[in-house]
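In the two assemblies presented below, chain A is common to both, partnered first by chain B and then by chain C.
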Partner chain A sequence: MHSFGYRLNVLLTQAVTLLALMCVIASLSDTLNVPSPSADVRVLHINWLHKQRNGNDEVSLTMNISADLRSTFTWNTKQVFVFLAAEYETEKNHLNQISLWDAIIPSKEQAKFSYHTINKYRFTDQGNNLRGQEYNLTLHWHVMPKTGKMFSDKVITTGYRLPETYV
Partner chain B sequence: MGFIKDAMQPAGSLRARPLLTQIITLEEDPLNLTQGDILFLHMNEDPIRAGDIVVFNIKGKTIPVVHRVIQVHEQQNNKEIYVLTKGDINKKDDRLGGIYGSGQLWLQRQHIMGRAIGFLPYEGWVTIVLTENPIVKYVLIGALSLVLITSKDRGAKQNSRLV
Partner chain C sequence: MDWQGQKLAEQLMQILLVAFAVGAFATGYVMGSFQMMMLIYAAGVVLTTVVTVPNWPFFNRHPLNWLDPSEAEKHPKPQVQQQTPSSSKKKSSGKKHHHLGYHHMKYGDIAKEERERNLGWCWSDIRHHHLDCLFVSL
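Presenting the complex of A and B:
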């Protein structure tokens, strides 16, 4: 009843259970955090809009992406993955989401940023519907914890419109 | 990328959707996760949206891939969905990077097996050590068997006294 083996077994079981409990509590503590992020995205210039050889439209933009995501970080945050997506509706697709830019934010200090950049990934339509297309630019962020549940949120900026003709 | 361990536990909901786990085995994981972490996966009816981390299988390739969705094209009336994925730290998306099958441009609903919803750090190391050094497995099983064989059967001793 009090052999070494028995005691070791109990000790290990309790240790694993405690570790699991601590991870759950750590994850729950994330729900106490109420983030107050801010974001500002502007399209500075449409560089070009043309039709690819395969028939799909593609556009190149220069943008300014500024945000302050410091309040999304908690003690239990490993990194925050942030990306900017263009979102629009066409006749064929009721939702198109295209990621134009992303970044991995490894620490709270780097969570306040301002980037002046062209789109990192190609803004290509599934078709040739981009002329005169209205679209939103949504900044999404996914908080990846050191342990536990992942959280995500976004800020939508509406009112963008692409040129009526190829440029 | 990693490989799926067969841990399937019902997720406690009425329809008992299975909760899968995946262990991050690569030293440099495409999602910038640490080797040895466990990723919890879950699949439900929620539509797949940009930013989701999904697990998918490619025809002809044995290892499932865990990457993030960067493009979504969902047809009117939810008829079909076309998804493009990419590992966060990879420069190329999975189509250009050769992860998809040859000629495959998109992922569709039938390819996607689950969505990542959380992490548990370090717990994957036991499995990694056991898998990469099978000798540890044999040593452990041997040691446990030895303990079992040499342990005194106290129940038998009690019974013999009552006789």
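Presenting the complex of A and C:
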């Protein structure tokens, strides 16, 4: 502690170390939060189901996506990234997962939402297996923190089926 | 700063930083505001810098008593033997240490009559913050 520069160096190092420690504890405090989210996805209308030029099937859906993710927010949450995935099994692939829609929820107040929309991203198959295909719609969300560990979870809704013929 | 002041500065720095860290975290957690935690902690770091880093007068309340130059001339420094193992270990790099301007001297090298006169030379180790010293008490 014998000079100005030395004291300044020690102080800054200790301050930054304590800051890192605070961030670690803040991240650990996220585990105390037990979220109770709810979600509901409905397919309102199959707009079309056809075969592309390259042989792959494609479908367009109109959906209503509603959820209440307010309980996933903590004091250490920067935003929640939520996306809807269609999941189904084919002969070729054990699991096909296609992201249909996503959104960023920046604050707790906006975490209760209801979107009436068509799929933001194309629902395209690897092949032509979509006729009569059964699929699940899974809503995934990633809780992104300000510091530390990101938590993610999902809710699966089953029982959707595509038309038997091209529409 | 003098030695006591340096110790005080170090203690103040650590206590203030930890106190502000704990206080900032508790306040931020209870209020549910990450930003509040950051602001309180930043204010705490600035306050600690202002209190402990500059050379304030209250860090100099136990100044060292330097030997008066006229007295120093009356009692010349004892000669260092060339082959003492401790001094060759310490002075091997030939580095000049900035601590007090005294020369490195083991206590045992000082002549017996000088010890009886309560006069001697100091040896300090800047890294360990302590001072083994013979006082001038004339």
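Everything below uses one rule, namely that the second predicted complex is superposed on the first by the 166 of 167 C-alpha atoms of A that agree within 3 Å, B and C clash if a C-alpha of one lies under 4 Å from a C-alpha of the other, contacts with A are read in each partner's own complex, and residues count from 1 in each chain.
Criterion: a residue touches a chain if its C-beta (ideal position, glycine included) is under 8 Å from a C-beta of that chain, and two chains touch if they have at least 3 such contacts.
All values reported here derive from a predicted model rather than from experimental measurement.
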Contacts of A:104 with chain B and chain C, given as first, second, both or neither = first
State whether A:76 touches chain B only (first), chain C only (second), both chains, or neither.
-> second
Quick one: name whichever of chain B and chain C touches more residues of chain A.
-> B
Partner chain in contact with A:93 - chain B first, chain C second, else both or neither = first
Go through the superposed model and pick first if A:45 touches only chain B, second if only chain C, both, or neither.
-> neither
Does the superposition put A:121 against chain B (first), chain C (second), both, or neither?
-> first
Which partner does A:144 contact after superposing on A: first (chain B), second (chain C), both, neither?
-> first
Have a look at where A:21 lands relative to chain B and chain C in the superposition and call it first, second, both or neither.
-> second
Contacts of chain A common to chain B and chain C in the A-superposed view 146
Complex contacts: residues of chain B adjacent to chain A | 31-33, 49-51, 53, 68, 70-78, 82, 88-89, 93, 116-121, 147, 151
Would you pull the chain C residues touching chain A in the complex into a rising list?
-> 1, 6-7, 9-10, 13-14, 17-18, 21, 24-25, 28-29, 31-34, 37, 41, 45, 48-49, 52-55, 99, 126, 129
Note: in the complex, chain A contacts chain B through residues 5, 23, 27, 78-79, 81, 83, 85, 91-99, 102, 104, 121, 126, 140, 142, 144-150, 152
The answer for chain A against chain C in the complex is residues 1-2, 4, 7-8, 10-11, 14-15, 18-19, 21-22, 25-26, 29, 75-76, 146
